[in-house]
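Below are structures written as structure tokens.
After this come two complexes, each holding chain A, first together with chain B and then together with chain C.
== the complex of A and B ==
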């Protein structure tokens, strides 16, 4: 079975499961959160509007996306457990192809979520009248970095969700990962590198500076963290190789 | 009969890893919260109160509600599987007892989590070298937090009973936590169950609740615990589970 056919099959299985609804609902809540946070802005804040929005979304992603990814991936894998379908599926489809199809299906949903965030930022910027030009480079970087981090989490949680019939495990792992990611943002970068969901903040194109004396917050763009990006990509490749191999070896 | 149902529910959970997650979360929250407090001790000047916010602010909005959501979903997952609904509804046990039994077990875990949160807070406070003893309000915060946690459990059990999917109610709890933060910040937290936990636990350290708010808070907890129970009992009586 070729990869495209396997992916189409995943979407066909999902047609009444409405995975997109979870992604849409979480995206809507995140968008409302951003709009609510931007309700009273003065001229200096409008000048930082795009950077503020990118930073806010990255922090929110570290809390929300691990859990949302857990919910999404758990639903995708649970349909096979519920119907005891793996045994039948493995007679018709290479197990590796099933693993890939589920991963790509989750990836497409996650790309849509991050894409929606960028659309929200652009739309809010237009409506609110952010006074600086659109930071096209930062937006592209944001999309790539947030998606990379989400893909790593999706892969990690998919391995757990396929391995364990009890979906309590991937969901709890998503929750705890989200919690660690948020808390790690208050720790030195060395600690952040150990927590997958902290990469939402580590790879974000925007960082924040809190001036305690003036009680003001300013946002600034940072150079592309090439080493962190390579580290996460390498971890993703290794985890993919390991997870796929384990799944293919599995006796059902 | 209720006691027997509660015992059965505990029996169903005995091999589940639920316990681990419930005790891991306060432990992680306390370790990381204390570390963050010690790193920022020059900004966080309110000693025990500052440490308390670091321990509770994130977990009470985002993670504990979601964890209660996972537990509730797990409790009903067993009934949604195979033909367990049919068996459950043919037992000589009233539907009120079935739902209340599950709620009591959830409540027990919430209370244990609150106790653990309190103990870890005192232990880490001593480790951090904070002067004096923990704030006298600590038992009050933990108790109100427990009431709020029970309300969330009641709401989540109802969602998990009516929604077959294991994961969707967890997503609802997560969204509830985010909206709950906005509601609490805008002063409308008493009208939203997912805000109650942070309100009751004084998670922002500045006192979401005044002394006059305690009674409305308890009324709110009672409403958000009672209404889902009433709905669930009605649903269980009317709905054809087959």
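== the complex of A and C ==
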């Protein structure tokens, strides 16, 4: 079955469900958080405005996006469970195509959220007058890395949401992953790599340095973490292969 | 005879449990085939296997003349409509939008939606959300979805479940009309013997995963053949004279006899001085047959 047609059908099925609402609400809260954090900054601090924004959003994402993804994905999968729709769909549509369409649909929503974050950073930078040039490379890197983490989580939660009729399971998994994302900053780096939501921070183009004596924060760009990126990409590919295969073998 | 569905040794195992055990189904084309059995006999699992929703452990399935495998399953099912267990629908979408999904997946022309809604008399409620439908309307929506694209075969699993008496009547009428009106072969399951008796031409009876009967409904009725029950002044003596007679609670049961043979038997007994106290015709009801075959309480 044509992938584009399957994706269009996913959006058609989403009528009246307003999946975008949760994404819009989370994006709005994150934008307000950023604006609030910049309100009292002086010129020297605003010079680091872009880096500050990228760092802040990456940290927020590790806590908020797993929860948002859990809500989004469970709502997308719940419509199939509620009316026992899989029994009819499996006689008309290849199950793998349905799995892919749901994943792409979630991916588009998540790309929109990360895209909105970048638009917010640029807009706030314009309004507040960030004095440094726009870090185009870091912005592209940020978009790719944050989307990669979100896709991994969406895939993991989609597998749970399609497998279990009770949507409390993927929702709880989203909440737990968000909580782990919050705690991951305190874990040693080796342990961090085992927590999917920690990759929002691990893959972020900007890291922070807290000078305890001077009580100042400085942000700096890091080299591209190629190993972490490859690790997460490999995990995504393996999870996709496993999850899709399981879904295709499923009896309804 | 042409068959729409045939299976060879169709089996499903879940560990030690065998819900479907080496079934040889043969559903003739252009007929209503009633698939009868008590709850838990394996009807739904069998139908799900026919549609590829459950994977057989063993055996083969042929639908519309083609052996079904994972590669050709969906192309074969394009000509098959189905309703398994309960109707499938998206509650937040209208009836029309639900059918639009089916139309799009089956690449059908737009007009099919109106035709399907019309066939199940949902035309006036096409723009109402499916969640607000009664169970009967949801069931009809499920049938409308199954009818989309004029399939050659419809597989309906207990389609009258949960319907009120009027809805049941209406559904039966619709199912019965499908072969003549649209040329559709129907395989319909039920645990209600009376239901199958009213709508089916052929019947398959499944018990604990095994097909215990498969033939025309007329052949099932023929199993309810008449027997002659006698009570005589000397049942032992009468039994010695009539070797085919069997004792049953003070009666002698003779197999179905022609009028001439029945007369000869009574004359023989009279000649030997055995008086006939009672003589009556006994007929096994369809329920008795079903009960014998399924070993469970017959559902009327």
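We adopt the following convention: the second predicted complex is superposed on the first by the 252 of 252 C-alpha atoms of A that agree within 3 Å, B and C clash if a C-alpha of one lies under 4 Å from a C-alpha of the other, contacts with A are read in each partner's own complex, and residues count from 1 in each chain.
The rule is simple: contacts are C-beta pairs under 8 Å (C-beta built on N, C-alpha and C of every residue); 3 or more make two chains touch, one makes a residue touch a chain.
In this text, all values refer to a predicted model and were calculated from it rather than measured experimentally.
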A:87 touches, of chain B and chain C: first, second, both or neither? second
Partner chain in contact with A:9 - chain B first, chain C second, else both or neither: second
Which of chain B and chain C A:74 touches, first, second, both or neither: first
Partner chain in contact with A:251 - chain B first, chain C second, else both or neither: second
Between chain B and chain C, more extensive residue contact with chain A: B
Which superposed partner A:134 touches (first chain B, second chain C, both, neither): neither
Shared chain A surface residues [contacts with chain B and with chain C]: 82
Residue numbers on chain C that touch chain A, as the complex places them: 48, 51-55, 74, 77-78, 80, 82, 84-93, 97, 100-102, 104-106, 130, 142, 145
Chain A residues touching chain C - in the complex, by the definition given at the top: 1, 5, 9, 12-13, 15-17, 79, 82-94, 249, 251-252
Residue numbers on chain B that touch chain A, as the complex places them: 16-18, 21, 24-25, 28-29, 32-33, 35-36, 39-40, 43, 58-59, 62-63, 66-67, 70, 73-74, 77, 81, 165-168, 170-171, 174-175, 178-179, 182
Residues of chain A defined as touching chain B within the complex: 22, 25-26, 29-30, 32-33, 36, 60, 63-64, 67-68, 70-72, 74-75, 78, 82, 166-169, 171-172, 175-176, 178-180, 182-184, 186-187, 212
